[in-house]
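You will see chain A twice below: alongside chain B first, and alongside chain C after that.
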Partner chain A sequence: MNGATYSSFLEIAAGLVILCAFVTLWRRSLRAIVRTLAVQGMALGVVAIVLGVHRRDVVLIVVGCLVVLAKGLAIPTLVRRVLANEPMSRETSPLVNVPSSLVGAGALTFLAYGATRPVVALVSTSAGRLIPLGVATLLIGFFSMVVRRKAVSQIVGLLLVDNGIALVAFLATAGVPLLVELGASLDVLLVVVVLRVLAVQLWSKFAVLDLDQLQELHD
Partner chain B sequence: MLAFVLLLIPAATGCVAAATPWRRWIGWLCTASLGFVLVTGVVLAVLVVHRPALSAFGGVLRVDALSAFMVIVIGAIGLLAVCQSVRYLEREVSSGRSSARRATLYSVLVQGFITAMLLAVVAGNVGVMWVAVEATTIITTFLVGYRRTREALEASWKYVIICSVGIALAFLGTVLVYLAALHAGGVTHVSLQWTSLMSVAHHLDPGVMRLALALLVLGYGTKVGLAPMHSWLPDAHSQAPAPVSALMSGVLLTVAFYVLLRFKAVADGALGVGFSRMLFVTAGLLSLAVAASLLLSQRDYKRMLAYHSVEHMGLIALGAAAGTPLAIAAVLLHVLGHGLAKAVLFLASGEILIVEGTTEIDQVKALLARRPALGGVFAFGLVTLLGLPPFSLFISELNMLRAEVHVGLGWVAAISLVLMAVIFGSVMSHGRHMLFGARPDGEVAHKSPLNVSVPLIGGLVACGAIGVLAWPLDTLLRAAAMVVVK
Partner chain C sequence: MNGLTHVLTQVLVALFQVAAVAVGGPLLLGLMRKVRSRLEGRAGAPIHQPLLDLRKLFAKQRMRPRDSSWVFGAGPVVLVATVVAVTAVSPLVSASPPLGQSSDFFAVVFVLLLGSVLLALSALDTGTAFGGMGSSRSMTIGALCEPALLVAILAMAIAARTSNLPALVRVGISHPAVIASPARILALASFLVVILAESGRLPVDNPSTHLELTMIHEAMVLEYSGADLGLIILGESMRLVFLLGLFVNLFVPWGVADRPGVLFVGLGLLALVAKVCAVGATIAVFEVFTAKLRLFRLPELLAGGFVLALLGALTAVVR
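Let's look at the complex of A and B:
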């Protein structure tokens, strides 16, 4: 594909990743949030595939397909199973309301552009200019872990952090070496499995849904 | 190749444990595998101390003096903890608190945990190091939550969430280091090999490296338990079974610190020592301050030990900030001494919990009179950890302070001495509550079984011995320090 098509494909896919991050803050239905996460995972895979096609790098295309499978399908399915156990599938009482969250996310995006200036200056390609979007996704993930109180929301926040980092990795270096990439993806998958088991145990044994209910341990 | 065998043995033992229902001999087999790790660590140390590093699989595994030293640390503390696990599991199974299946799960996870830590220290590739450290988080989550009480599940939830975020930041830091290496001028072949990063260190982009090192300190610092990312540590360490707390506090924290030391060496090449010194001093002093303030009013002795680990991690961060060969050698000696003493104390606190049935400091009284052996071990362990002579922590703390003064961080040494004095006072007063006092009338002095006291006393003796006998550890420490100091 020629240069212009390549950059616009890349921009659309990376833009979709950050857009999904905003949507997770906007929606309150946990099911809708998990669906958004699936879209984000697929967009991330597309970023890798577009980069792979542009660089004629077969390994990167394969990695991109794996990302679509893992982050677009497998992980959202795992998270959805936790929701099956929860009677109330809405984020009812976030610490910060939706409009303020969106404003906060906007501010974080600015912060991301500021913080990544040395990185963007070093890379100086059309992919490199999109790196702040990955960092912004990461920061929004952090933010949503802090202000959202449902166990599932925290898992979603963690996955946003992870997707943001993966986006930076693809855009900045066209992916770290394959061995590390696979190890990292497997780790994320396992973390989600672990969190799912814990969430199910907390719910089935102690009827804990909100993390505010977890306050046994303190000094 | 020896490095590969080193990983293979604990992993294979884990497989055996997985395939067989739990019996006592499985526990002893696991103990034997840790004995093998310790011996291999010593052999590796002898092989690499004055010679170039060993590597296998094209550099994926690489053992230099620093790695060999960490293998010895893992072997020594792992041996203590796994040996005590036999007793822990036996009691859990016989009391019906856990089934044989869960005992199997425990053994398999502990073996996996140790294999992952070994992989982290013998990996030559910083990406593989990252994968191994992340694997320890996943494996230990279920060990922290092993008792499946509400508190234990809460602790493991916090543990996995906080550490996963931390380790994700460390991944971003690793990616940025890789990016800087890709753009380093005049380099043809770039990889995540630590040696290749070291060789291009001087050409790495300073702006990107500053961002990368900050993320790495934040990320791996979470696993080390440095403030302000320490909040998972007291919960996880107080809820995990005692042998697991011993392993986590004794070695897991310092394995993460080991990875930081490697990255610090790379970043110092690109940025000079100033930037990393600033980061490590901030994290170290903050950790000491947090530990001092939370130890003052601590009511739970397992949490007391956990905050004490935060203090010691702060101390080694300050030692690393000084960064001279003397300082790094002292940091490494401190890693070993603290690991041994903390493991002994956590194991002893597990015994105290069993016989006294409480983790409250106020509820435990007159241990020395009522249970001389256990109380004695606890008392000596505390004395060791507080850095009194002749134990090795005294020497390492002294050397770290000397090095800090030497490089112009005298004010840091002064602040840390004040905070250490506060911690000393509060731990002494908590210890006095638990240890001294008269035996209530009609209660006879309890004897501790030999299989409890012998390993614990052994650990303390080892800790004393490495303090008194400098040789042969001294040579290894100096060689290991030279790996990360140029």
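Let's look at the complex of A and C:
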């Protein structure tokens, strides 16, 4: 793979990750949002694979494949199961309306570009220039956890944050050790499982998944 | 002598482009309707039906509301004139159209906007309730589209270091990497959203309905009949073909004639027809499977387009 194709592949895959982050804010249907998350996970895996092929690093390619499997297939399937358990709420109920949250996410992207300036100056590879995209994905994840109060939306926000961190890790380092990456991925998988159990419990106890309604203590 | 031949060729190319778009506009409408009806299990009208409709309309008597002013008559004429003007100088069939140096993307967009504004004014001119409603909605959509479009152009212009249209297309031919860059892809996605909104296609406006509460564009042209209506239909369809032609040439510039010669111009026309038909048919297929968005959800769609363009511009700046 020569330099130009490598960097354009990398740019497109990293661009897809941040684009998916925006799409999760844009769409209302939770099902579509989970599908977007799957695409984002696969794009993240592709970033790792492209980097691995470029650096002739077999471990990184294996990590990329694992990311595709975990974040592109396993986690979305788990989240989808949560959705299947709550037939009443197919749509997100954002506190901030969609156009404003999109503009907010745009502002966060600017912030990410501004804040990561020193880091980008330090890492002078073509991968390093894409670090702001990872940070922006992370910030958008936090943002979506703040403005969306459904349990599933919280899971989605958490996954966005994690994908952002993973993207920065891939781009900024010369390859994360396999153990660390596996540990992080399994952690997230575990968190999703726990959140899923929590959501199912919530649903069966209160028939509601809106976290704002859980403010009073019950006996 | 050489200068004269050059001018003559340029004029011929311009006339050729205008003629191609003027014939192609109604035909594209016919094609999109045909695809749509086939997918819905109907036979559908022949593809050249819009041309026949236009002939019928132009032969009709001219009727104008009694209290309307000159604005009412000027609307359709200015609409067609603006599209003809931008078509003549844009890189549709040939990558070096006449007056190519001055065909700036921003200028082209604003000339096109002049046509839409005058159409909205002429709908207000008759003083009917529907006309006012239609213009108000159309201007709202226009105001939401414009920032997205401008930022999208900005993104492409930054990446190519110029906002000159022929140069943007030529950069695509000589440096294919520019097209594959996220900046250009995001900007073009946003451009496509704007094209759908501005030409009143499905997620924004339903072109085949006359339902009072939902229509946008149809409400504006409700008072028109005969040749005036014919001009509006012609102008709108030409604008759709022009915008789609620009879109495909910015996205897949292969086949655009980048040197003079009848053969190259002919090839350029063939390539343009094939690409525009492909995009038009895709839009028609997409329209079969989508419903019109609620009017109050439109800002979401257009804000999405704006954010796409913004991301494109951002990635282009940081490169």
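Note that in this section the second predicted complex is superposed on the first by the 210 of 219 C-alpha atoms of A that agree within 3 Å, B and C clash if a C-alpha of one lies under 4 Å from a C-alpha of the other, contacts with A are read in each partner's own complex, and residues count from 1 in each chain.
Criterion: contacts are C-beta pairs under 8 Å (C-beta built on N, C-alpha and C of every residue); 3 or more make two chains touch, one makes a residue touch a chain.
Only a predicted model underlies this, so the values are computations on that prediction, with no experimental measurement involved.
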**Report entry** chain C versus chain B on the shared chain A, clash or fit after superposition
**Finding:** fit
Requested in this report: Would you sort A:G114 into first (chain B), second (chain C), both or neither based on which partner it touches?
Outcome: neither
Query raised in the report: First (chain B), second (chain C), both or neither: which does A:P132 touch?
Result: second
Report task. Using the superposition on chain A described above, determine whether A:Q154 touches chain B (first), chain C (second), both, or neither. Result -> first
Query raised in the report: Just chain B (first), just chain C (second), both, or neither: which does A:F22 touch?
Result: second
Report task. Figure out whether A:A4 sits in contact with chain B (first) or chain C (second), or with both, or with neither. Result -> second
Query raised in the report: If you stack the two complexes on chain A, which partner ends up touching A:G106: first (chain B), second (chain C), both, or neither?
Result: second
Query raised in the report: Which of the two partners, first being chain B and second being chain C, lies in contact with A:L179: first, second, both, or neither?
Result: first
Requested in this report: Just the number, please: smallest Cα separation between chain B and chain C in the overlaid arrangement, in Å.
Outcome: 19
Requested in this report: Share the list of chain A residues that count as touching for chain B in one structure and for chain C in the other.
Outcome: none
Query raised in the report: Of all residues in chain A, which touch chain B in the complex?
Result: 115-119, 121-123, 138, 142, 145, 151, 154, 158, 161-162, 165, 168-169, 172-173, 176-177, 179-180, 183-184, 187, 190-191, 194-195, 198-199, 201-202, 205-206, 208, 211, 214, 216-217, 219
**Report entry** chain B residues within the chain A interface of the complex
**Finding:** 60, 125, 127-128, 130-131, 134-135, 137-138, 141-142, 145, 148, 150-151, 153-158, 160-161, 164-165, 168, 171-172, 174-176, 178-180, 182-183, 191-192, 205, 207-208, 210-211, 234-235, 238-239, 294, 297-298, 303
Requested in this report: Please give the residue numbers of chain A that touch chain C in the complex, ascending.
Outcome: 4, 8, 11-12, 15, 18-19, 22, 26, 98-99, 102-103, 105-106, 109-110, 113, 129, 132
Query raised in the report: Which positions of chain C touch chain A when the two form their complex?
Result: 177, 180-182, 185-186, 299-300, 303-304, 306-308, 310-311, 314-315, 318-319
